[in-house]
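Shared between the two complexes below is chain A, which pairs with chain B and chain C, respectively.
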Partner chain A sequence: MTRFILRRLLASIAVLLVIITLSLWLTRQAPSNPCLKEREANTCACVKDNFLDRPVFPVYSGEVLSPVQNCSFWKPDSVVNLGPVSIIGPGEWGETQYFLYLGTLASGSLGQSMKTDLTVIETLKSGLPYTIQLGFQALLISLLLGIPAGLLAGLRQNTMVDYSTMSVAMVGVSVPSIVLGPLMIMLFSLRLGWFSAVGWESFSDSILPSFTLGLYYAAYVARLTRGGMLEVIRKDYIRTARAKGLTETMVVMRHALKGALLPVVSYLGPATAALLTGSVVVEEIFSLPGIGTHFVRSALNRDYNLVLGTIILYSTILVFLNMIVDVLYTLIDPRVSYDD
Partner chain B sequence: MADSNTHGELEKGSSLWADAFQRLRKNRAALISGAILILIALTALLYEVVSQYGTGFMMEEQHTWVVPKPPGARSVPSHFYELSQAGLLSWENTDSNKDGFVEPREIVDAYRSLEFSNLDLDKSGALSYDEYVDAPLSRVSPNKFIPDCARWAMIKRSMAPIEDPTVFACDAGADNLMQPKETGKLVELVSSGEAQEMINRVDKDSDGLISKAEYVGLPMPRTHILGSDKLGRDLLTRTVYGARISLAVGLLATLVSFMIGVTWGATAGFLGGKVDNIMMRLVDILYGLPFMFLVILLMVVFGQKIYLLFLALGAIQWLTMARIVRGQVISLKNQEFVEAAETIGVSNSGIIFKHLIPNALGPIIVYATLTVPAVMLEEAFLSFLGLGVQAPQTSWGALISEGRQLMETSPWLIIWPSVALAATLLSLNFLGDGLRDALDPQLRKD
Partner chain C sequence: MMTNGFRYLCAIALMTLVMGCDKKEPEGKATETKPVEEFVAGSNATEFTAALTADPETMDPAKMSGAVEGEIAMNLFEGLLMPGPTTEGLTDTSKLLNFGVAESYTLSDDARTYTFKLRSDAKWTNGEPVTSEDFAFSWRRVLTNGFPADYASMMWVIDGAEAYNKAEAGTGDWETVGVKTPDAQTLVVTLVNPTPYFPELTAFYTFFPVPKKAVEEKGDEWTKPENIVSNGPYRLASYQPQQEIKFELNEHYWDKASVNLKSIRFRIISDSNARVNAYKTGELHWAGSGLPVAQITALLTHPDFRQEPLLGTYYYRVNVSKADSPTTNVLVRQALSLAIDRDSLVNNTLNGLYKPAESFVPPMPGYTSTTKTAYNIKRAKDLLAEAGYPNGKDFPAVELLYNTDENHKLVAESVQAMWKQNLNIDVKLNNKEWKTYLQDVDTMAYQVARAGWIGDFNDPMTFLDMWTAENGNNDTGWADAEYDALIKSAQQEVDKTKRIAILQQAETILLERGPIIPVYYYASNLLISRFVKGFEPHNRDVHLFKYMSLPSK
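For the complex of A and B:
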């Protein structure tokens, strides 16, 4: 068991390295440099005496940056004084920057945001609670709605209950959150006035976003649970349990449930990934100050340090959640061995 | 069986596909979904026809309106209209100076007088604003034929001022005179603004009415069946155009994922052993990654090009496909029916084409059908965030994103693209489920 976990841990770290390398390489291919793009007001961070800014973002030698307002330490002629790293061209970012970035990561920093005065970690810290609460509530909704619905449909197979539940589930997996979210705002916020349409001040503001995000997965979980239930309910050991004279409730709760939920457990990993991805859209719909909003805004602003930081954070969460799900799976299903 | 044998006949076997089709035919939901999808796809494919003859508006055509118009409101199409009733004019009446030729001027006059009498509902001899705006469009229903030469002329002269309407004809003889057989190809072009503006411009005596002398052949107002957005662009036209982009991205990205997945899975399955192990372990690892974020980064870094969109979306969707194909290849290559085919002397190509491919294709097609809605969903997400298709192109996701900003005052802007997207996704899912049940009865969960 320990060896299994250790091996998964090593693999996870390798995956993270690949992700970091890939996204770092991608941002280096960008035709425009945030420091040379003067549309935005605050480019102060670009020339701050920050460990990350200079090495990661090449300032082309000879190119004069336009003056930055409110930046006392910035002088237009100081471009030559930026040190040897400043002459790294766009095509040759090379290992110097790569290892500098990895070194920064190892020191526990994600660098400075290129558009604000906050560090990347400070920015992410401000958004993380919202995103986590949203994801957690959505997951809870999907499990609490999806599993009972799926079990009910599976146990009452080919009845009206089954058909109606599965029809609702089919609609659930087909109505995307960009449709459901605005629809709920129109109905519950604008028409009925039960919730506020945008923003996140109190718990009640999190209800609509959580349902918008969670209902799709509730429908999916219901379909998975029904499928798992139908597969399990005909197995020999269920027949044995019934033959023993156990009540139907006991058969379902003690014997069938565990097997029926296996597909749901193995779906938890991808579901978490999808919930995080989906939360980007839901945060945008409801104007929530979560990480997803930061990510989209930073990507559009070419705040590459923040983009990289967000991707690294998301990947870390996902990779380790997947690892935990894998370990959980071996605990529930004894047929899966650790030594595989 | 015994019965047919006594007659010396073999019972006709049905192939896997015929069998599957039989089962699919019994699934009413899947059939209806299929029909809906074909309808949507056809509409999307025929966008040009729909915009020209159906809605009358073009995708980017703007009108001078600061507020969105609700469904049923009308605007004057600004691009062109046809001398649609040229066919209704009699040759004798049109050729007013009786020289045996119809000159462009004569056609314009004859056509206008016919059109005017159609518009002048109360026969007062002058058109009021209401008569112009509420003109029954069926009376001026377009001729279903615009030759390419006339279209070209329209495009070239699209800025022609209204006071000087000019007839462009497909003057096949290039003699500047129209032969009777050439008149059917006549197209008139008038640039326009909104109805009132139009009337103000031609109403020379400023009585608020257009007399017959003032009437110069106004472009006909057309109905915005689903309303228009704040730039006056027709929503139905844009939704149809959005269908084209959304479906194209869905299909092409699925094709990309299909190619990568089949190649990867088949290679792993055929080679087996260590290579298989490494290749599939890689797939396992890639499974949990937040690919959407990399796609977003890709779109930002390399610009929002549409081919990049479906390449990137396809490149993140192939993992399950690879697993399915690998499983199929491994289970099929050792199966008894393949051995049986070998023993009765079926050639290798026969085994591959008659036995392996048809058997492996079922699950692949089913999964591909279910990949299309997944990809369309991702495209809609990206476009919704403003990271997908870029103006002037549009997709359902982009339309929903635009509509969301005005949903309080103009709910139709978000409702109709949403209905289109949800209906398509629902149909694709139903069809995918139906195909799965039909092609793979063992997989069926009942």
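For the complex of A and C:
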């Protein structure tokens, strides 16, 4: 087990490095740059401050990146020209944007936001608690609503109860939060005045966003639970339980439930990850101060450092939650074993 | 200031939804007696609450350039002069400005040297006096080569400033720059040319003082809430990114007795629909401007709705540098401009939220444009024929670039239809996301592009000097020697009447030959609680909290 965890840990770090490299390259592929403003401003100073006047990687094609006119740029001392690509002398690799960024990471920082006075870590730190709370509240809602609904539908298969529950679940899966959120605001904030429409000042402000985010997953959990229940309820051991005269409640609660919930449990890992990283749209709609809002805005602003910082945070959450889920599998299901 | 252009992922979906539902209600009743929605601004807020559209990029007045940052700097800091509380100044220039840190100033006979007397009771939030040395230090900082001051070039009106700014760091000689401090209460500024709008420049945040001691001690960290020292009516109490900024009264402010609102809260709400929603649920006293057209249109009769003139023009920029584009031909540009029915566009498409543009320089005190735009289909057709495209025949495809925004889209579609109907030419709409649009404009990779310009001070120069050949904001490839010469002579002219006449002449050239098609004058359409007192119109949308009050309920 320890060997497995160690192996996974190393692999995770490798995965993160690949993600960082690819994302760094991708951010630079987007047209425009962080320093460009509507008005002619002091763009050169901004470009130099953020090292945007250097090549991204030691190997590059065409010109050394030149996003701004009339600025003098950093020039490498030694360049080997190989036709389509040029390679900077290894002595100066540390001067490229990629290695400078890796250096920043190694020093335990995520760099400075290119748009605001804050560092990336300060920015993410201020948003993370909201995103986490939102994610877990949504998860709770999805379980509290999804499991009972799924059980009910599974036990009353092909009845009105089943059809109506599953229809609602179908709608839940189909309606995206971009539609559900504004509808919720209109009804509960503007019409009924029960909740405030934007922001996150107190717990009550988190209710609408949590439902908006959680309902999709509730619907999904309901369908999983129903499927699990349908499979289990036909098993021999359930028939045995009924045959020995147990009440129906006892059969369901004691014997069927455990088996029916297995698919839900294995879905919890990916769901948690998806809820933590998937609140981008909901945060935008409700103007919440979470990380998703920073993610959208930093991408629009070409705030390279903040985009990368958010991606690194998101992918770390994803990679490590997946690892934890894999480890937990061995505990839930003894048939799974990772040690050869 | 930037006309904030970018839009978010879900704005359009949101807008369609909210619009769709709000429209249904009044249909049952007679349209004239459209019921006004019931809500009281700020009913759910504990203190005066205003909306900010984004996190400030910086709180350092020397570095900033945006509207959000300006809103903060104007209340945290104070310049030599400050914008007045009203646009009574629209007809009377003397009311545009109030004294701030300066208590008086004198102007030399050659109109080039200003001597400011600073008030002795002006203090920083830490109780230390604001001196002329603070101003000299701040301006030198802005002009230091390599310092990221967006608006450093605004200071080039000062003698020697441009050379100092362009000299490699360390090689410039500050002694050659026309900023002198004979004593702690006197600041003498010598300008390159007589610049009648210089007093108003000192009311602009780039010219605000920063605390020498704090900046030298803390470096870039000086603007953090725990370090910042300012000299305006308010001090920064707290800042939580994407959430809120709080101001409290500066106990050392020289005029604190006249400040009514003792604390201010900003909510940072970037989505404009969310801002209106927050206003409707009583969470805001002031929703700011730049609200979505669809939502505002439903609130035109609400007592909290106000429309104020804004010193800005929405126009189409035309690239004249591309040899293969028909827009290089001045006749084509004129035809395109003549074929736009601005009245119909503003009143029908935009619900009267703006004013049809009759010139490039919007109405301002002390200046009237002498040439007006017109809507004349016949003349437009004649010009197009003269340019070699009779009835639009063989007119090459032209692209109209705009950045993602519901409003820009409406205008572009409307203009596209007018050009088709009036001139029989086809224009392709090209919608790009904000930053990509900026790059296209900056690198002149467009034919016709939507643009907006908000003036920085009440003088036509802020609209006209950008079209000189060398100006970094030109971005059209248009260069006209006669125009450049006129701008230059206006800059040097001492006589104010003559100067205005020269500028009018320049604007005429700009409208007749230039690379622009004015569309409408901006207006600021805003929502502010009707109970707030002292919120007077201002044509650059600068509203100082110092003058506002909110009678307790």
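Simple rule for what comes next: the second predicted complex is superposed on the first by the 255 of 340 C-alpha atoms of A that agree within 3 Å, B and C clash if a C-alpha of one lies under 4 Å from a C-alpha of the other, contacts with A are read in each partner's own complex, and residues count from 1 in each chain.
Keep this in mind: a contact is a pair of C-beta atoms (placed from the backbone, for glycine too) under 8 Å apart; a residue touches a chain by one contact, two chains touch by 3 or more.
All values derive from a computational prediction rather than experimental measurement.
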item	value
Partner chain in contact with A:Gly103 - chain B first, chain C second, else both or neither	neither
First (chain B), second (chain C), both or neither touched by A:Ala273	first
First (chain B), second (chain C), both or neither touched by A:Ser126	second
First, second, both or neither for A:His294, with chain B first and chain C second	second
Touching partner for A:Arg226 - first (chain B), second (chain C), both, neither	first
First (chain B), second (chain C), both or neither touched by A:Val307	first
First, second, both or neither for A:Leu118, with chain B first and chain C second	second
Which of chain B and chain C A:Gly199 touches, first, second, both or neither	second
First (chain B), second (chain C), both or neither touched by A:Ile285	both
Footprint overlap on chain A, comparing chain B with chain C	30-31, 178-179, 182-183, 185-186, 190, 280-281, 284-285, 296, 300, 302
Chain A residues within the chain C interface of the complex	30-33, 36-42, 45-46, 48-49, 69, 115-118, 122-123, 126-127, 178-179, 181-183, 185-186, 189-190, 193, 196-200, 280-281, 284-290, 293-294, 296-297, 300-302
Chain C residues within the chain A interface of the complex	2-3, 5-6, 8-10, 13-14, 17-18, 21, 44, 54-60, 65, 146-153, 220, 223-224, 240-243, 267-271, 274-275, 277-278, 280-281, 283, 433-436, 438-439, 442-443, 471-473
Of all residues in chain A, those that touch chain B in their complex	11, 14-15, 19, 22-23, 26-27, 29-31, 157-158, 170-171, 173-176, 178-179, 182-183, 185-186, 190, 226-227, 230-231, 269-270, 273, 276-278, 280-281, 284-285, 295-296, 299-300, 302, 307, 310-311, 314-315, 318-319, 321-322
Residue numbers on chain B that touch chain A, as the complex places them	285, 287-290, 292-294, 296-298, 300-302, 373, 377, 380-381, 384-387, 397, 400-401, 403-404, 407-408, 411, 414, 418, 421-422, 425-426, 428-430, 433, 445-446
